[in-house]
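Next up: the structures, one after another.
The two complexes that follow have chain A in common; it is paired with chain B in the first and with chain C in the second.
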Partner chain A sequence: MATTTTTQAVRRDDAAPAPRRGRRPGVGRTSYLFLVPSLVLFTLAITVPAIMGITLSFTDSVGFGEFDFTGLTNYVALFSDPAILSSYGFTIGFALVTVLVVNVVAFLLAVGLTSKIRGKVPLRAVFVLPMVISGIVIAYVFNFLFSNSLPRWAGAVGFTPLEQSMLADPDLAWITIVIVTAWQAIPSALLIYVAGILSIPGEVYEAASLDGASAGRRLRSITLPLVAGYVLINIVIGFKNFLNAYDIIVGLTNGGPGTATRSVAMTIFSGFTGGDYAYQMANATIFFLIAVVLALLQIRLTRGKAAL
Partner chain B sequence: MTDQTLRTTAPAQVPVAPVRSLRARDRDDRTNRPGMVVLLLCSVAVLLPLYATVTMAFKTTRQSVDGNAFSLPSPLSVDGFVEAWRLTNFPRGFTISVLVTLVTVVGTVVLSSLAAYAISRNWDHRFFRWSFFYLLAAMFLPFPVLALSQVKLTGMVGLANPGGVALLHVMFQLSFSVMLFTAFLRSVPEELEESARLDGASTWQVFRRIVFPLLAPMSATVAIFAFLASWNDFMMPSLIIADATQQTLPVLQSVFQTQFSSNYNVAFASYLMAMAPAIVVYLFTQRWVMAGVTQGAIK
Partner chain C sequence: MPSLPPPPPGAPGGPPRDLSRRTFLRGLGAAATGLALTGCARGSGAGSGVTEITFFQSKPEVIGYFDGLIEQFHETQSRVRVRHDATSNLAGSFVRESPPDIGLLNYNFEISRYVERGALSDLGDLPEADRVKDELLPLIEVTATYPGRTSVLPYSLMAAAVLYNRDLFEQQGLTAPTTWSELTAVCEALSAAGITPIYSTYRDPWTIAQGHFDYAVGGMLDTTDFFTELKAQGADVGPSSPVSFEEQLLDPVQRMLQLTAWDNADAPSRGYGDGNLAFARGEAAMYLQGPWALTEIAKTNPDMNVGAFPLPMTEDPADRKVRVNVDLALWIPEASPRKEAAREFLQFLMQPEIIDAYNADNLGFGVTKDAAEVTDPTLVELQEYYERADFYIGPSQLVPQSIPLQNYAQSLVTGAEPRSVLRTIDADWSRLAFRS
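The block that comes next holds the complex of A and B.
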C-alpha cells in the first residue's frame, strides 16, 4: 500500500521534480537526485560522442574545421577498401579461433577442477590469476619469450621453423596473439563453466554411475548438454571481447609484420592521423552495429539462463 | 532480530557459495589422479610467463640478453629495478595510476549504487525503468567505437588528462555495475527500509545507514572489477592523455619497446612493478573476483 503511494507521488513528479509532502516526504525528489547525476554524466560521456560519431560518419570531416555531408560515400568506400576488409577478416578469424581455443581449454579445466581432486581451491586461484594482469604488460613479456627465448630453444633442438621469431612471420604472428589472448581470457570462461557444472545436481551423476555410465559417457551425456547454455554465453561474451582486440596486439606485433595482424580497433584509431577521420567514424559505426547484434544475442542468452 | 540476521548472513552467502560447493564434491570416492596431473601441468603453463618476469627482473643486463628467460639470475641484481624506477619515473606514474584507479573505484561504487537504488525502488515508474535500459545500453558500445569522438571531446573540454580517463572509466563500468546492484537490490526486502522510514529517516539516511551496508558484498565485486579495468587499461589512457608525462603505468611500459630495448632486465623489472599491485589485490580479494565473473555472466 505504502509503495503504491510513493510510486504515484513519483509519477506526478515526472515533469518537474519538486519536494512532496506526503506520507514519506521527499522520496520522489531524492530518488531523482540519486539517478540524475549518473544519467547526465553518462549522456555527456557516452551518448553525445556516439551521436557525434555517427553523424560525422556521413561527412568528409578530417577531424577539425569545416565539413560537408557526403551521404553514404564513406560507407560505400569502406566495403571496397582492402585495408578495412583485411582488418575485419583478420579480427573475425582471430576471434573465432580464440573463442574455440578458450572454450575447449576452459571447459576441460572446469571439468578437472570440479572432479574429485585435491587442492582445487589453490589450483583455481592460479588459473584465475591471468585475468588480473594488464594485457599490454603480459604481451610485452610474451613478446620477449616469442622473439628471444623460443628461437633460442628451437635452435638448440634443431627445430628450424621456429628459429626465426614467430612475431616476424606474417603466417605465424597471429598464433602468438591467439595464445596470449587465450592465456588471459580462459579464467573468466573457466569460472563460468565451474558455476555451470556445479549447478548440475550431484544425484544425476550418482544415478548415471549406478547405471554403469563411464566417466567419458557422463561427460558427454550429462555435463555437456546441461552446460550448453553456459557454452553459448561464453562464446558470445568471448567473441564480443575478442573483436575489440587491441592491447595485446600492440604489445606483440603492433599490427605487423606489414599489416598482417591489424585489428579493426587499430584501423579505427588510424583515423586520428592521415585525414581519415570521418571515414574511420563510418568504420566505427559498422563495428558498432556488429557489437549491437552480439550484445542483443548475449542478453537473450543470459535472460534464458536466468529463467532456468 | 530479523534485521541482524539479514545483515550478517544474507550478503555473506553470495561470494562464499561457489567455494563451499566446490569443496563439497571432494568428500566421497577416490581422487582423480590423472586429472590432477594434467591440471598441475596447466597451472605451470599459467605461471611460466610470470616466473620468467620475476627471474628476468633480477638479472644483470649482461645475463638478460642471452634470451634464456627461465634461467635463474646469477648474480642476483636489483639494478633493473633501480634503473626502471628512474627511467619510467615510477613514483609519478604510480601516483597517477593510483589516483585514476581510486577515482574510478569510488566513483563507480557511489554512482552505480545510488542509481541502482533509485531504479530498483521506483521500478514501476517509467522514467526509472527506462533509465535502467538506457544505462545498460553502454554494453553495446565498446571503447573503439567511441574513441575518435571521445578523444576529440575530452580535448575540447580540457579533459585530455588522467581526470578524463577516470571519468570515462567510471562511465564504462556503469552498465555492468548498475546491473549487478539492481539485481542484488531486488532480493533485498523493502520492509527494513519501511520501518526505518516510519521512524522518520529520510531516503538518504535509509540508503546510507541500511541499504549501502547491505550492498557491501556487491560493492566489493563492483569495486574489484572497476579496479582491474582501470589499473590495467592501456587503450584509453594511451589515446586520451595528451601529455606523456601524465601517463599511467601500463602506457609507460612502451618506452622499453623503442628506446632501451636491449636492457631486458630493466624492462622486466618495470613490468613486474606494474603488475604487482593487481596481483596483490587479487590475492586478498579472490572470492569476490570469482563471484563477480559468474554474477556478471548469469544475472
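The block that comes next holds the complex of A and C.
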C-alpha cells in the first residue's frame, strides 16, 4: 500500500516525459512527429470532407451556392424512396451472393494450389493475374463477351435461354455482375487462403494420415477448422468491398436494364452529378454507418488472429 | 413527414441567406482544398495586363475545332488568353466555387440547376443576346430560367428525327410517312420484303430516351406546355393531379412500344456503335438517331444516301415536329472574377462568320436571326420544320438527372409495364419537388 502511494507521488512530482523516456527507450517525442504527415493528410482528405458531407446531408444544398438547414427531411425522404431501397436491396443481395461464390471458389482453388501438384507456383501466378487488371477494363471485355460471343455460342449449340444477351435481361443481368466481380475478387481471397493453408504445420497432416484419415476427412477436420480465421477475414473484407460495387457495374450494365442493377454507390454518385447533392449525402451517411458497423465486426472477429 | 415544414425554396433574387453557416462550411472547404488550390495559380500574368480565362467545352467531337478558334482569337488580340478545359468535372468546380470563366455546353438538365440557382451571370445587355431567334426562347425557358436574366446564349441547335435509307425506301417504292398509319404501313411493307424496318440499340439507354421516347412523346404532346404545368404543380404530381406522366404520357409510350415490334430482333444487346454500323451497312431501313450519328455512319459508308423525317405519331401531317436540343450554349458564371475577359471571348465566338462556320461544319442549325440555312443533304429535309418552329425539346432533356429517365425508357422497351413505370416517374418527380 505504502509503496503504491509513493510511486504515485513520485510520478506526480516528476517532469512528465523524462521518466517515460527512461522506461521505454526508443519511443521518444520524435517518433510521434513521424505520424504528423499522415495524420494531417488523413484529416484533410478524409475527416474534414466527411464532416462537411455529413453536415450538408441536413441541408437542401445542391452542391454550390446558398442552402438552408432542413433537419431530417432528407433522411425521412430516403427511407420512403423505393429507388433508394431497391438499390440497397440489390447491393446487399449481390454482395452476399458474391461473397459466397468468391470464397467457395477461392478456397477450393487454394486447396488445389497447395496440394502436391506439378507447376503450382506458375499456376498461382496465373490465377492471381485478374487482380492486377483494372475493373472497368475487365467489365468492358466481359460486356463484349456477354453481348456478342456468349449469345453466338449459345445459338451455335442451340441453347435458347442464353441466345439473348444476359445483360439485357432484368432478371439475369445481376448474375453477370456476380461472375465478373468474382472473377476479379477471387485472386486476393485465394492468396489469403493459400497463406492460411501453408501456415498449417505439416506434422498435423502426417499424424492424421498415420491415423488413416482420408483426403476428404483431412480437409474437413484439419484444413477447414485451422483456416476458419481466414474464412472470416475473407468474408468480412469481401462483403465490405462488394457493397461498394461501382466500376464493374458501370462497365457491364450501367445500372440497367431499367434500374435492375443500380448499386448504392451509383445512386450516391448520381446525386453529385445530378444536383441531388444533399439528399445523396444523407444516403452516403447511412451507407457510411453500415460500413462502420462492418468494420467494427471485422475488428471483433479478427481480434487475436494475428495472421494479417 | 407531413409535419415537417417544406424547405424554403432557393429564394431566387433574395438576399444571401445565413452567411455564418455558409462561411463555416466554406472555411472547412478552404481548409480541405487549400493545399491543392495554392498549386493552381490565379490566371493573370504578373503585371503584363493579360487576363487568362478558363473556357470549359467538352463536346468530344469538336474539341480540336475550338482549339483552332482559340488560336484565332489569340491572333486578333493580346489582352485575353484562353485556356481550354475539356476534362474537368463541372459539378466539382461549382462545388469548390471555382467554376470556369466561360462555358460552352449542352443546355439541358445538367446545366439547368446552375441557371435556376442564379449561378450564371446575366448576358442580356450584350448585343449578341438580341440576335438569338425569338422562336428559341420558349425552349430555353422551359429548360430553366432565372428571373430577369438571360443566363445562356444558345450557340448550336441539333435537330433530330428518323434517319432513313433513301435507297432502300426507293427500292421498295416507299416514301417518307407523314401519318401514323402511313408509318405502320411502311413498316409492314419493309417487313414483308424481309428488311428490318427499324434498327434499335436498347443496350445504350440514352439511345432509347433520346430516340424512341422523345420522338413518341414529342410527336403527340406539347412538351413545353406539359413541363411548364408539371413544374407549376410542385410536389403535387400523381394520379389525381391535372398533369402527370402517367396520364399524358401513356398513349405516346404505348405507341412507342407498338413500334418496337418492328425493331431488329437483337436490339436488347445492341449498342450505339453497333447501330451506326448496321444502319450504314443497310441492315435496316430506319434509325431513330440525331445528326451526330451521320458522321459515324459516314465512316463506314461515306456515300450513303440518308434522309430524315420527323416520326409521325398522329393522323394529321401538320402535327409532325422535329426534336431539337440546344447542343451548345454559352454562359458565364456569376462566380467568375474575369467576366469582362470572358465576355470578350464570347463576343468573338458569336461573330456571324464564326458561329455559322461552326454550325455548317458540325451539322448544327443556326440559332441567330441572321444564321445561314443548313446545307447537309440529310438535314435539308428538316429545314422547313425548323423555319416553321415545328419543334420541341426532347422530354428526356427536361427531367432532372437524379431521376434515371434513360433507365426507365430502357425498361419500357425491354418489357416493363408502361403504366407502372410512368407512375414511378411521377413518384420520383414528386419526391424531388418535395425536397428541393
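Definition applied: the second predicted complex is superposed on the first by the 269 of 308 C-alpha atoms of A that agree within 3 Å, B and C clash if a C-alpha of one lies under 4 Å from a C-alpha of the other, contacts with A are read in each partner's own complex, and residues count from 1 in each chain.
Just so it is clear, contacts are C-beta pairs under 8 Å (C-beta built on N, C-alpha and C of every residue); 3 or more make two chains touch, one makes a residue touch a chain.
Computed from a predicted model, the values in this text were never measured in an experiment.
When the two structures are aligned on the shared chain, A:Trp183 is found in touch with chain B, with no touch to chain C.
By the touch criterion defined above, A:Ala168 reaches chain C but does not reach chain B.
In the superposition on chain A, A:Val104 contacts neither chain B nor chain C.
By the touch criterion defined above, A:Gly53 reaches chain B but does not reach chain C. Of the two partner chains, chain C is the only one that A:Thr259 touches; chain B does not reach it. In the superposition on chain A, contact of A:Leu113 is made with chain B only, not with chain C. In the superposition on chain A, A:Ala207 makes contact with neither chain B nor chain C. Within the superposed three-chain model, A:Leu224 lies out of touch with both chain B and chain C [touch as defined at top]. In the superposition on chain A, A:Tyr246 makes contact with chain B only, while chain C stays out of contact range.
Under the contact criterion defined above, the residues of chain A that touch both chain B in one complex and chain C in the other are 45, 48-49, 52, 56, 63, 148, 151, 271-272, 277, 280.
Chain C contributes residues 1, 4, 7-8, 10-11, 16-18, 21-22, 25, 28-29, 31-32, 35, 91, 94-95, 97, 109-110, 113-114, 117-119, 202-203, 205, 266, 268-271, 400-402, 404, 407-408, 410-411, 414-416, 421, 424, 427-428, 431-432, 434-436 to its touches with chain A in the complex. Taken together, the chain A residues at the contact with chain C in this complex read 44-45, 48-49, 51-52, 55-56, 60, 62-74, 76-77, 80-83, 147-148, 151, 164-165, 167-170, 254-260, 262, 270-277, 279-280. Residues 18-19, 21-23, 25-26, 28-32, 35-36, 38-40, 42-43, 46-47, 49-50, 52-53, 56, 66-70, 111-112, 114-115, 117-119, 121-122, 124-128, 131, 134-135, 138-153, 167-168, 170-172, 174, 178, 190, 194, 197, 202-204, 207, 228, 231-232, 234-235, 239, 250-251, 253-254, 256-257, 264, 267-268, 271, 274-275, 278-279, 281-282, 286, 289-290, 293-294, 297-299 of chain B touch chain A in their complex. On chain A, the positions that touch chain B within their shared complex are 2-3, 6-7, 10-11, 14, 24-27, 30-32, 34-35, 37-39, 41-42, 45-46, 48-50, 52-53, 56, 63, 109, 111-121, 123-138, 140-145, 148-149, 151-152, 183, 187-188, 191-192, 194-195, 198, 202, 233-234, 237, 240, 243-244, 246-247, 250, 264-265, 268-269, 271-272, 277, 280-281, 284-285, 287-288, 291-292, 295, 298, 302, 305-306.
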